[in-house]
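Next, two complexes with chain A in common: one pairs it with chain B, the other with chain C.
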Partner chain A sequence: MTKKFKLAPVFFVGPHLILFIVFILLPTIYGIYASFTKWNLIGDPVWVGLDNYKTILFDSGSTFHKQFTNGLENTFIFVLLSVPLLIVIPLMIAVALEHKGVKGKSFIQSVIYIPGLISISAAALIWALIFNKQLGVTGNVFHSETVWAANQPYAWIIIIVLTIWGGVGGNMIIYRASLSGVAKDLYESAEMDGAGAVRRFFSITLPSIRFPLIYTFVMTTAGAFNVFGQPLMMTKGGPQESTTVLMMSIRKLAFGTGESIAGMASAMAVLLGLVILVISALQYYVMNRNAN
Partner chain B sequence: MKKKLSFVIMLVFVAATVLSGCGSSKKTITFWTPLTGDDGAYMDQLVKDYNATNPDIKVKHIVTSDMYTKLSTVLNSGKGIPDLAIIHADRVPGYVKQGLLEPMTNVMNAQPELKQDNYLPQAWSVGNIDNMQYTIPLDIHSVVMYYNKDLLKKYNVENFLDDNVVTFDEMLSLKGKLAQGDYVVNDALLTWIVFSQVQNFGGDIEDNGKPAVDTPVMKQVFESLKQINDAGLMTPTGEDGYLMFQSGNVLFSTDGTWSSTAHAKVEGLNFGVTNVYSPTPDKFTNRASSHLFTMFNKEDRTDEKEQGIAAFLEFIRKNSIKWAEAGQIVASKDVNSSPDYQKYMQSFFTKDDTEIQSLHIYTYEYYPYISEALDTYAGDIVRGKISIDEGLKTIQKTVEDKIAQSEQGEEAGK
Partner chain C sequence: MSTQVSIDKDLTKVRPVAQKKDQPRAGRISKAVAYVFLAALCVIWAIPIIFGISTSFRSQTEVVSSGFRLLPENWTFESYKAILENTSTAPIMQWLWNSVFIATLHTLLVVVVISITGYGYSRMTFKGRDTLFFTLLGISFFPGVVNLIPSYKIIDALGWVNTSLAMIIPGLAGMGNIFLVRQFMNSIPKDLDESARVDGASDFRIYLSVILPLVKPVLIVCALFSFTGSWNDFLWPVIVYTDVTKMPVTAGLLLLQDIYGNYRMIGQLMGSAILAIIPTLLLFLFAQKYFVQSINLNSGIKG
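Showing the complex of A and B:
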């Protein structure tokens, strides 16, 4: 034992490590364990091996199989609809704000960022009122006769609108920060060489902010898979469960009314986690390889 | 080495501070309720009034959002279990089966007036399982039917109310007679309406302990409700029927006893309350639930505390007129037969025995599963988005699958 125990680093890492272990690592491990059990949250979990997974994945007659496939399908729809918009729109705004002619940049930036600070429930109430047929803007100003939350594709539209409204700001800030780090002389020399705005964007801007792009793409996707609040508040999963995302099914099983079915819910959560893991890894791999 | 030790001690200290839950004091009764709405404030007031009487042990009311989830957590760990809690009637059978509730025997011995005769019969009996009393009731809250007096007059159908029961046929007789934008009934609390109709049509939701959703009676119920929808008498899909009643476009609104306070705040809304509609005037049912005081098993609940709880419940029994302000049907006969109580709209439901009997509380162990499944599918069935047969089959299967899961968990847990 010649190596001296150094205290300073522990102080820096320690608090985070404790919080990480207590609130993330242990619950994750316990959640994975619970997925192999039958458990009502109150008693002791009872080991059932792979039963839950078999039911969810292969027993096509089972309610849980249906909930899982329907929930996962709707979650995928949400991801496919929301993620591209949550990448492209903030990027466009960020690039637009870089232009010399734009005045009041930080003001615009704040206005776009603020919705992200509002809780989803509060935001959903506002948007539900805006789209309310009797009280809202859509009904009174635009004379829309549709009950948006109860009909497709309108139900998805209001969910996506709320998501974009709340989610654009975060990614935009990241893009703004990284764009400001791109060397100006690159643009100048490109301009001298006769590159147009579009060419400059694809040949200079995009490659220069490669890592922020990968980061936001992966994180936004993972976040979108965990969607819960927007459909719960806006459509309650309807019409006919077409916006019931997987997190809603999971929550209902574990924390719904009546005795909890936490084992099955955990198994669904683990499967969702695996899907996110695989897709994130894939995204990272593909984007990083292309970038190199 | 010394440094290391002090670091470890500090770490333990920090962890202890972070992790220690709220310890329960010996001098207070911790009292959890799921009353997150306006009614939480009324309960706060009741507790405050009680504490102002300077009891030996004061009560600390904690409104707990997601209470049932939090209860699961504390019951599982055995730490932080509240001394007293309010739960809903449909939770009792499940908790008792799992052996989680402590009988009220000591509490009832301490205050002899906490007895069956002093409460509405069904509110008392939902807490009685195998001759053991596990709960003391606070109230009954029910789905009821509000009517818009002005609209009844406008369409000249005030006679609907003659026998205190509006029938399906009476409602259907208005087909084609309403001005555009007016409707006969909304779909508020539709699941509770289904539960009420099941009784009206002479059925039940269980058959020897097995769930009974895919039944001829249930089919009849949905056919009748669908008839109203198909005749264009029900507020349109997805629209806020509750709001439409308040804005004076709907004759009947089927929502909770507690909504009377909100309706009363609407200027120009001239309304009254009656029973939920029924196929025949001879039988009417208002599906109800009940808020019940109960004690979860807890080792360190002292006898003194149980005495304190008894004193608090006796105070509530005598003084819960405040609770009537929240729109609920107070379970204590002392209160609900008092002259003061009669000024509240919901006194309609305690005016005679037939009315009291109409408040039906389901006590089937798996009622919550059926209720949740109905919440998901009932609207779509009534609106004709899925067929009745398919819908009922799906609900039946959903409930059975969930029961199979929870039962297996229990058996193995024993």
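Showing the complex of A and C:
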């Protein structure tokens, strides 16, 4: 063992370490600190203890409480509507693509994957036109008389449609790669034993791709909690704030017009972060336990 | 062992005889179901893009008077002419250039940073190496929403608001790609470095001429996803750019809803969206196999 301090690792690990400290560690710590302060983003934060949290969570007369509960509720609605579809549809596609007789697999895969490479703002402009009453598909082909973005449940439907359209490709690729790794002889012997397609799916396919399933479920859910672009572009949070998600409230408080209320926004961000952490941990725990 | 295998084989050969008749029909039905399902999805998935492209080639009067059509009656470039002429309120070419510049530089730096850092955490030995790595990895799992507001403050303090650096640099701090590169490097035999070291090669030499060529596949994948990720980032540019001439195209398109508002200039709106799509689409067409190969998660995490 030599006691000499080696310099070489500093050059390899050091630059990233500095980036990590400046752009991840510091802002995270500061974000938690700011949540206990009154801060306008320009001056120095003033310590107020738990005041922000008390207001957000318990002061039912305050607008911050209303913004938070409404934003969190709408975020949960989005998660509950989108995540199951973002798991089940890609899984169905991957299983269908595994079918021996299907031709043109890579073409089909590309068509479904490409929307995932399109930015939310470009995709939203196109979908907004499709759902436009006068000019789009819903009005002209299906003769719907409603303005979809301004009425529920249609406002949620267009947000979810946009999300699903752009979101299934990534998980589909992961499931396809995992399914191709499942040993073929497992299926064959199950088929010989007379197990039907449904039975084979639940007793061979699902257990074999357990890890990718947990991974995609946790990541997709965490991503869905950060939803921002789809409601901003499609409905501007309406009608009557019914699609205003928490990220929109946080952005409006911290970076909106008028004086910044960054301390309050930071507290909301910390609460959203905690929700994401707890739910990710729960998902991982429950799915891992059930699989064993 | 070998006898066991042969017995199994024999059993499987004998057993299915009774069901053989039903199988082809079940197979045909499930094949038909799979086809119908996939075909329907393909149509639904493709229509918006085709519709967007075709609308960008229709005149405003045609769109308003004849309603929904999949293809234009008369093809016209007037929308694209109008888009290119608007260099004040919606400078789309400037936005596209900003996005190309940001995404390209970000991607190049990502490749440099993740390969060098990955080498440090995989091939070098120093005290507390793995502790440091897993500590950073653990911290990076903390939801990013918490550091959003202070990140803006840091960018502001560095004087990077409304500059490309605001989008190029912070993303380099991420741990995900470094984790992948480290996993990949760990699977490369140590003998390779040892023999190079015996020949007197320095760490930098080994990184450059032994390890880098071997990890090229994973670096390409990381580069492609960094490029598309940077190109499509939305929340962050909406926050850090207020200057219309400096912003990337995703943030620019948000402004278009107001500029070409209420769908009075639909052609322009669709044309701009299509122009914003083209670069990542081209990238996909040229590098398709890298996008869809996916890192196998089953083996990836155990390794």
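Simple rule for what comes next: the second predicted complex is superposed on the first by the 272 of 292 C-alpha atoms of A that agree within 3 Å, B and C clash if a C-alpha of one lies under 4 Å from a C-alpha of the other, contacts with A are read in each partner's own complex, and residues count from 1 in each chain.
In this text, contacts are C-beta pairs under 8 Å (C-beta built on N, C-alpha and C of every residue); 3 or more make two chains touch, one makes a residue touch a chain.
A quick note: this is a predicted structure, and the numbers were derived from the prediction, not measured.
Overlap between chain B and chain C is detected when the two structures are superposed via chain A.
By the touch criterion stated above, A:I261 is placed in contact with chain B alone, chain C being left untouched. By the document's definition of touching, of the two partners only chain B reaches A:Q240; chain C does not. By the touch criterion stated above, A:K252 is placed in contact with chain B alone, chain C being left untouched. More residues of chain A lie in touch with C than with the remaining chain of the pair chain B and chain C. Looking at the shared chain after the overlay, A:V137 reaches chain C, while chain B stays out of its contact range. With both structures placed on the common chain, the touch criterion links A:V22 to chain B and to chain C.
Once the two complexes are laid over each other on the shared chain, residue contacts for A:V46 go to chain B alone; chain C is not touched.
Legend: residue contacts after superposition of the two complexes on their common chain; A:V147 is shown touching chain B, with no touch to chain C. Contact with neither chain B nor chain C is seen for A:L81 once the two complexes are overlaid on the shared chain. By the touch criterion defined above, A:T63 reaches chain B but does not reach chain C.
Annotation: chain C segment clashing with chain B after superposition, chosen from 42-50, 186-194 or 240-248, is 240-248. Note: residues 22, 41, 132, 134-135, 255 of chain A belong to the chain B contact set and to the chain C contact set alike, using the contact criterion stated above.
Within the complex formed with chain B, the residues of chain A that make contact are 5, 7, 10, 14, 18, 22, 38-44, 46, 48, 61-64, 132-135, 147, 149-151, 237-241, 252, 255-261, 263-264.
Residues 3-4, 7, 11, 14-15, 18-19, 66, 68-69, 72-73, 75-76, 90, 94, 98, 100, 236-240, 243-244, 247, 366-369, 371-372, 376, 379-380, 385-386, 397-398, 401-402, 405-406, 408-410, 412-413 of chain B are the ones touching chain A in the complex. Of all residues in chain C, only 12, 15-16, 19, 23, 26-27, 30-31, 33-35, 37-38, 41-42, 44-49, 51-52, 55, 63-64, 67-68, 113, 116-117, 119-121, 124, 126, 129, 132, 136, 139-140, 142-154, 169-170, 172-175, 178, 202-204, 207, 228, 231-232, 234-235, 238-239, 249-251, 253-254, 256-257, 263, 266, 269-270, 272-274, 276-277, 280-281, 283-284, 288, 291-299, 301 touch chain A in the complex they form.
Of all residues in chain A, only 6, 8-9, 11-13, 15-17, 19-20, 22-28, 30-32, 34, 41, 92-93, 96-97, 99, 101-102, 106, 108-115, 117-123, 125-130, 132, 134-137, 139-141, 165, 173-174, 176-178, 181, 188-189, 191-194, 196-197, 209, 211-212, 215, 222, 225-226, 228-229, 232-233, 247, 250-251, 254-255, 262, 265-266, 269-270, 272-273, 276-277 touch chain C in the complex they form.
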